[in-house]
Structure formats: C-alpha cells, structure tokens
C-alpha cells in the first residue's frame, strides 16, 4: 500500500454510523492508580468504560492531567490497568502490538536514527524491502512537510518537526488502530490543517480506527465520529457525544455549517460547567 | 512583590502605543547557521531585525521549524548568533540573566526537584527567604491549577502539568522580560483561557515585556500589541502587525469585535499566501 | 520499604546461596582439596568466632579506615575534577590529556615510592586506594556532566544562578546517576586495592591477616578475610542502593 | 591553515606530558630518593627496553592477553548489563552476586585459581576479564535503566520482540553510557594486564616491571610505567575515534556555557 | 618428550638461570624433556602452586616448604640446593644508620624494625637472636614489612630504625656508605640454607627419569655457573636485567652467599633450621628425612 499525499479530499465514503458497528476496542471499568514518590497513591483514571467501533474516529477531550495519555497507554498495552480490562477484538490486551500504533505526546523518536531512519524503522520491522520502505517513508516525510530533512537527527529538529516525524513513523507501518496523543499540538495552524486533511484521507482509505487525544474542540468536532469528554482528575468519562455531520467534511463548508458551530459551542460550554462544578483538586 | 492570582481583569492600563516607546530589546540583522551531523550548514535564521519596546507584548507566529525557538534562545543569551547582534537596554546580550526568563518548549524541569522545588528555585536563587519563597510559589502553583501536586516529581506529571510548572517556575522570579515558547501549547482550551488571563494580569501589573511564541492566531491577536509573522525556513520576518485593540481586553467582548475578527482573518490569509508562495523547502 | 525490598532480596540471595552450594560441592566431590578450599561451614563458623574477638575487630577497623578514607578522597577529587573538566574548556584542555596518561598506569608500581614518602601506616595505603579508585569515578562524572541537558543549565542561569553555583545546583544533581555508577565501580576497586596494599606490605588489616594465613596454609583463616570483604561488598551494595534510590528519586530510571 | 585554537588543542596532550614530566623531575630532585628516580633517568631507560627484542615480545604478549580479556569481557558484560537494566528480576539476581564476587582480591584467590586454570594465560586473562567487566556491566546496567520508556513502547508497538528491543533499542540508546564503561574498562585492562603478572609470570610487560621492582631497578620500573602510559594514550585515542563515530547523534548541541576563564 | 613445570624466582638461582638462558649447553633440555618456566613473586606462592598441582618443581625456602607440608598436605622431595650462608661469606644482616644510637641487639627495644617478610624464613633466626638478647620480638619492637628492594631507602629516610639487608642491595648500600651492620643471621646459625629446589613427591614417583634428568641439569648448571663467572654474570644480567657493574660488586665473590659445587642439599642444616622454627613456635617439629628421596638428589652426574 503506498501513501500518496494529497491536499484536498475528493473521495466519497458512507457515514460511519451506517456501517455495521463492530466493537474493535472495549474498555471495561478501567481504573489506574499510580504510586507517587511521596508514597501516596494517586488515582489517575476511575472506572472508565468505553467502546470503540471498527473504523471509528474517536476524539478524547479533557482538562490537562485528567488521564487521557494514561488511557491511551492502557489501550496500547504499555500499561496494564490497576483494575478493569481493555480488550481488542474481543481479546484482552496483554501488551503492545503492531495492530495499535501510538504517537506519543513526547514524540519518543530514536535519537540515533535520522528522520528517514526513524520513519523506515516500522516498515523494515514488518519485513518490507529496504527500497520499498524507503520510497514509502520518503513519501510520508514529504507529506508531513519535512522533505529535505531526511538526514537530520532528532536533536537537530524543532519541536513541531519532531512531532511530525513521530506521526510519520507511526503511519509508516499501517497499524489498524491509531492512538494519537495530541499529534498536532506543536504545529502551526496551517500545517495542522493540512495534516488533519491528510490524516482523514488515510483514515478513509485504509479504514483505520483512530483514538485521538486533542485539546482543540474545533479539531475534535471536525475530525470525529464521536467525542469523549473526560472530567478533571480522577479522570472519568463525563459525556460521549456523537458528531453527526456528513462526510466527507470540507473545512470551508463545515465552518459555515450551523450544526458544526453548535457542536463546538455546546462542548465548550460543557467544559466551563465542568470546571465550575469540580473544583481543582 | 507578591503574586496574587486573579481570574478576571478589572484593571486599567493606557494603550501600549501611547507610552513613550523605549526599545528594551533590539535584534539587529541576526542570522543563525547550525552545523548538522550531515556536515551541512543549515541556515535557521536569516537577517532578522526587530525592536521590542519596553512593556510590549509581542507574539511570534510562524510555520513549524521557521526558527522561532532559535530567536528566543538568542534573546535569552543562550546561543550567540552566527552574525548580527542582540541588545537589551542598549547593551549587547552576552549571556543569560535573571532579567530575561524563558519558558522552554520542552519545559526543562529539574527532574530531581518536586513541583514546589522547581518553582521555588528562582526566588531562592534571588535571595528571597525560604518561607516567603514558598508562600509565593504555592500561590503560583495554585494559580496554574496544580494545587495538591506540590510534592510530585516531574516524571509523575502529565505533559500539560509539566508545562504549567515550567510557566510557574519562570514567573516565580519576576524576570523583566518573559520569553515564552508555546507556553500554553499542551493545555486544554479552558485552562489555556484562564492562564491567558492570568498572564495578561501579571503583565499589566508588573509592566513586563513579553516575547511570546504561539501557533494560535487567536491567542496572538488576543494577547499582543504586536504580532511578528515569520516565513518558512530560513526564518525571516515577513510582516509585523500592530494590534490596535483597546485594553483591557475581555475575551467575550473581543470575540464579537469585528476588528479582532479582521486581524485574525487577515493573519490567517497571510499564512496561506506564504505557503503558496514559498514552496516547502 | 520492605514491600519493595523483600522479593528482590530473596531473588538476590538465591545466587549467593548457589555459590555457597557450589563451593560446598567442590569440596565434597573432591574437585579441590580441603587444604586449599575449606568447606564453607568451617569458614563461616570461624568467621563468627573471629568477629567477636578484639584483634579481628581491629583488623577490620584498620582496613575499613583505609578503605573509606581512600574512597572518600577519590570521590571528592573524581567528582570535582570530572565536573570541572566537563564544564570548563580550559580545565578540560589540561585535565583530559593528564587523565589519559595517568589513568592506565599500574598504581601498584608506585607503591614502594609511596611507602617511602608516606610511611608504612595508613597514609600510603589510603593514597594507593584513592589513586586507583579515582579514575573510574572521574571518567563517569565527566561523562555524566558533559551530557547534562543544556536547557536545564539555561533555566538555572536565567534564574540568576551564578556560574560556579550551577555546578552544584544543576550539573552535579543532573550527573548524579552517572556519578553513582562511577562510585560503585570505585568502591569495588577500593576494596580490591586496600587488600592488595595490605597484602604487599602491612602489619595489620584484613589483607595482612590473609597473607599470613596463606603463607602458613591456614586455609580457613585465609578465607575468613575473603568472606569478610565479600560481606562488606554486600552491605555496601545495599547502602549504595538505598543512597541511589534516595538521591535519584526524581529521575525516571530510579 | 590551522586555527590557533586547533594548534592549542593538538598540542595540549604534549604540553600535559611535558608538564607531568617536569613536575616529576622537580619532585624527585627534591626528594633525593633512590626508589623514586628522576624523570630523566626513567626516560633514558626507555630505549633500553624498547631496543630489546625480548622486552618487545614480552610487551606484545601482554597486549595480546589484554585484547583477549577485553574482548571477552565486553562481549559478556554488555548483554548482562543491559538485561540487568531492563529486568528487575535479573538485576536483583545478579547485583548482590556481583557485589560479593568483585571486591574479593584475585591475588588472594590465586591458589585456587591455579588449581583449575594453572599459572599460565588462562589465569591472567581471567583477571583482566574481571577488571574490564566491572565497569562495563555497571555502565550498561545504568545506561539500560535510563532508556526512555516510551522509546521501548514505540518499538514494541512496531512488533519488536523483547530480545529485539534489547538489541535494537536499548543497546543503541544506552551506547554512549556503555562506551563510557568500555573506556573505563580499557583503563582497567591496562592496569590489570600489568598486575595480573605480579605473583606469577612467564612473559609480559608486568614481568619486566616487577622484576625491575624486585631488583630495585627503579629507572626501568618508571620507564615501564611511562611506556604503559603511552600505550594508554594510543589506545584511548583509537577508542575515542571509534566512539565518536558511533555516538555522534548524542553529542550535546551547544557547548557548555560555564567557562570561568 | 615430557614437560616439567618449574617455578623460579630472583635473584639467586644461577644454575636454573643457566638452564633457561643457555639451554644449548645442556644436552637434554629441549630434546629428551622440556621445561615450562614460570616466575613467581617469592617462594610462598610457589608452595601454593605446588600444593595445587600447578607446578612440578619449584624453588623453595625451608620454611615455606615446611608450611606446605604442615598446612597444605604437600609431599615433596628436596632435590637440590641453591644458596646458603657459608662462614666468611654473605649473611643476611640487619643494618642501622652509622649515627644511630642502636649499638646492640638489646638497643632495639622500642624501635621500629624492618623485615622482608613477616613470618618469613628469616624470622625464625631473627626471633631467636632477639630472645637471646632479652628482647621479646612480639612486644618490645614494632615490626614492619620492608621488602629488600626498599630496605636501604627506608632506613635512610628514617622510616625504620633497623632493617634487613640482602644482596645485591647490601652491596649497593655499602658502596654508598653511611650504614652499619648491627647483627647478622649467622650469629644465630652459621650455615643457614636460603633456597633449595623441591619437587612434588607424586610427580617424582611417577616420572623418576624425568626428574633425574632435571636434577642432573641443575647440578651441571651449578658447575657451569661456578666455573665461568664471566658468562654467569652475563646470564644473570639477562635474567635480572640488573646492570653488570652492580652484579660485579658481589656476585660469586666473597661477599656473596655460598653455593655447593654439586648443588647438594645440606640436610643437617635444614634440620637445624626446622628445629629453630619449632623452637620459636613457627612450626611443629619436623623431620627432614621425609624430604629425602633415596636416589634423586643432587649431585647427579
């Protein structure tokens, strides 16, 4: 499968909710307690239950520190929850696997590899031939706007550039489920918009499932089938909102769509309420 | 000077341009070349000249990788430019000093200190007595919404929490000039808005000069007296826009103000043009 | 504390038990004559006997004084020079080549000269221990200090920390993981060297007890100092581990 | 055209050596002590050693042992250290054991080592092996511990097995620290190369040194020390080249800004 | 062709040095049998090596050998002798500085005295002499270990008040002057045996011919060493790497130890030493007969 970067999105796709809903990821009453150095137990996630259907684009919104990253780690299989269980395709998640590709908030690039080396790492690991892996990787690097930086080491990149390499690295090995932790957080508005489109494009073509953490309500509504709102720590699910907007979504059209506006305003209002209710711990 | 956190802003301040303009920071034809491991020279900043007046709030906008952080490093005195010079109050910047406080994009918290220890570091260094420093620091920690996390170590914090500690750590020692590199990048919309208000509040009361890197056009227009737009690498200054909006600025009022809208739309348009013109390198 | 320690303590004791079992097996199945390798039971029995005697306690005290004095000097010099060389180009230019030359020298060869300069008492032995333990500590410190994250130093400088204080407030704590590794290596070397020095020329100390026993084939008495130093290693390891997890409690790897 | 700074840097080792020799010369003149000859006397004895074919064979024999001991130590210690760093169980299994075994002076165990390994090469290689493995194990251990967890998670998510992660992520990520261990190991290899020949010897650099020491030929002793020092510089320089090539990605981007000068 | 593993040390085994450096002079070496030479630091480690079976034959001092027998279950034969003290020749002595107030052994009370190896071969006669002069070696003096090589310096630096001297260091110190002999071991016993050659009994019993050839060569080596001083000096110089002029001052001269022309062990003298060690409490009583092999003992032709 070759990744062809494209700027606009001239494809058609049935609206997600019309597909037969098959739960690819099930999170069942998951709680996570961290031991802190101060020898106190810290409850990061409390009793989270969530079902994600195959091919769905689900965003997670929530105040800083509410446990979004932790939830992603649990789905990724990197951390096993203190109680409760996470399942993928009906089977308990026992550890990481190439079916779930994470994009970490802190990038976690391999510092001893160049940009190209980082992006090629996944495909090579999956057994793709070197020449092919390189061609694919170069295409992805170009897509994230880093053409010309193939031979730079991570320490020589700016924050946003590192973030884009991390994105490309994960996309390169085509995981079935993408676990993205604020993947566009360090990008300027323009680059962000372009990558949002590219991501939607890939998502559509490859029928991926995406779990997407973001702080931008706009972004969540624009991209998602479903927005999960979490409340302040200990992290709980406050609300799950189905975004019933037609696809393909074109940014310019959507901005004028009153339904889109309403979703954004509603969600923002909910945030304000949540803050008023739950006092900062 | 004691920091009193406040949520709304009921203060009066003359509009910046009415003050006698005294150039606190002058950047004079600065270029920065990096040596990359690939043994190629990489031009990160090209011929940047910029004057920042005392007490001004200046935002820098620009595509990812255009050299914003590098420019901040030069003003901070951490990196000396390959050519050109930066001056503070008429004197060449030779190194870092407590008059210019940075908030780094990567936070750079001291891993061996707790949240409180990190925030107290600056005041203690400035000779503030321990009890007083602690009281101030606790107030700041509460302001950034981290009350209860005083004894956590950085590794036990989420991304956004670390960012807020970094912000508090710098605010704690009252630098004259704040050099902030996407200080709200990892925060949710709500926390972000609150901290924007708090920052404006502090800025006004202490008559600070702020150099503020952001990716959010909204944020730049809302906060700044002046927005500097940079173009794609090698970083150059494309445009400097004076934001002529009355202060104090209240978010709710401003959102309805057509001048504000125009600034945002204009700047966004400029971004699009810049991308169309300068092909991605 | 006990929650963390106990399982790993058990796991840690297993191999030591295995070694003792192997030792017993070697003796029992005649792979080594008892006159060269006495059965462990004998050795531990004698050790318990010896531990309560005043003379043996004095031997241990003499060895410990030399060990810790030498090691302490090595730590102070090694960490000090290592950090200075890492942060200051001028010091670096001087220290680097000198270390390159001096580090690989077999310090025992200097021992006769040290004996004459410092006498037959503690001085010469402490110096030898310090000289041998110094370089591993210095090299580790240098590595740790020269890879400190730049922005940590920048943050401290911007907060108004004077340059020399940055050494103590940023470089030292940030380099601590590496320094502690160096100290662990230096400590082991100190144990070896203090014994060596006492074996070459001494009138007291565990090393001396060992050679005199070895010369007269008192195998059990020879193994008592060896076991003592092994146990000492175990104790020091535990102390170092505790110190490490205290000092590095903020670091992700702790 | 060479910049003055480069000249200073190139000349620094030479200057340092001259400085050391001068300090030594002055000290020995001041002490007037037979067992501490002047630097000049020692330097004068160097050609005698290097001119003698037998001595050269001796020195080469030592270097060969050192190379073997160092090689085996590195091959064994790095995997062990990395495993200890990544697995709490392995660490708590080996750590106390190592701390019990290493402090025991090998010289004291000679009678038993001789019993199984004789008095020849094997014993000396074992001693060198133990000397080198100590820092390599512990630096690999610490290096592996400090590897950023999320890097390993990324690898796991790409389908790397635990062993592959150890080799392809932990090893490169910890390489700078491992190489520091190897560098200390190199220093200790040279030292143990000599001291392994203290008690029993057939041929080797230590043979020359300890014979001279026994005979009170102090100029030869110190000449030998100088020769070992010189070997140290050469090996270190070679090692530095290899290291620089392997871990260029980890070099700090900016110079340490703390010069007091 | 069989190999015999031999331990040796420096500085006074001229016949073995000849065998090492001039093997062509010995018809059997390298032809009917081979020698694997290993040099040791002192005789005690060689005793351990013998006991561990890592060596077949080695240089030994009477005390170390006896220690091996008593403590290490070692069974060995004394097959030859290297050097001993002969009347009129060199005897290991304790020196003081010329201007030292110490005039007699009794004056050593309360002083710091150097000895090459505490509990070593010289300590028996040394203790005996002290006791005879009313000095308790355990309480009245402070004994420190000072190797022969640094004796002179330690004395001149004032690190010790008296110290033992051995060749070639004694010759060197005397040439320089400023020191004086306080007493020598010959005062305790006239014909002390310093080092001899011992072979493991089981090895000898298994390879009698081999050891015979070895002992034969030691005998002939001793002959050659005594017959050709010029060449011996060269050989010793090659082994010790000590400059010829230094060796010239003492080696095989009157101020050197004695050497038996046939390298024959002096069993009565050895017995006497064992008795002294027993008397001073360093060893239980031993009979030298157990070290005697009926046939394999120097001189062998």
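A, B, C, D and E label the chains in the order they appear, each numbered from 1.
Please note the rule applied: a residue touches a chain if its C-beta (ideal position, glycine included) is under 8 Å from a C-beta of that chain, and two chains touch if they have at least 3 such contacts.
On a predicted model such as this, the values are computed, not experimentally measured, just so you know.
Compared with chain A, the chain whose C-alpha mean position is the greatest distance off is E. Looking at contacts between chains, the pair that accounts for the most C-beta pairs is C-D.
Centre to centre, using the average C-alpha position, chain B and chain D are separated by 48 Å.
Put simply, the C-alpha centre of chain C and that of chain D have 17 angstrom between them.
Each chain gets a centre from the mean of its Cα atoms; for chain A and chain B, those two points are 28 Å apart.
Shared interface positions of chain B, defined as residues touching 2 or more other chains, are 37, 78, 95-96, 106, 153.
Residue positions of chain E touching 2 or more other chains, listed in rising order: 48, 51-52, 147, 149-150, 153, 157. For chain C, the set of residues touching two or more other chains reads 36, 112, 116, 150, 154, 157, 214, 249-252.
The complete set of chain-chain contacts reads A-B, A-D, B-C, B-D, C-D, C-E, D-E.
Chain B makes touch with chain C in their complex at residues 76, 78, 95-98, 100-102, 104, 106, 108, 110-114, 121-122, 125-126, 153-155, 169-170, 173, 175.
Of all residues in chain E, only 5, 7, 10-11, 36-41, 45, 48-49, 51-55, 147-150, 152-153, 157, 168-169, 172, 240-243 touch chain D in the complex they form.
Chain E contributes residues 44, 47-48, 51-52, 64, 67-68, 70-73, 117-120, 142-147, 149-150, 153-154, 157, 159 to its touches with chain C in the complex.
For chain C in complex with chain D, the touching residues are 7-9, 11-16, 19, 32, 36-37, 86-90, 93-94, 96-98, 100-110, 112-113, 116-117, 132, 135-136, 139-140, 143, 146-147, 150, 153-154, 157, 163-164, 166-167, 171, 177-178, 180-182, 184-185, 188-189, 191-192, 195-196, 199, 207, 210, 214, 222, 225-226, 229-234, 236-237, 241, 251-253.
Within the complex formed with chain A, the chain D residues making contact are 148-151, 153-154, 156-160, 169, 172-173, 175, 247, 249-250, 253.
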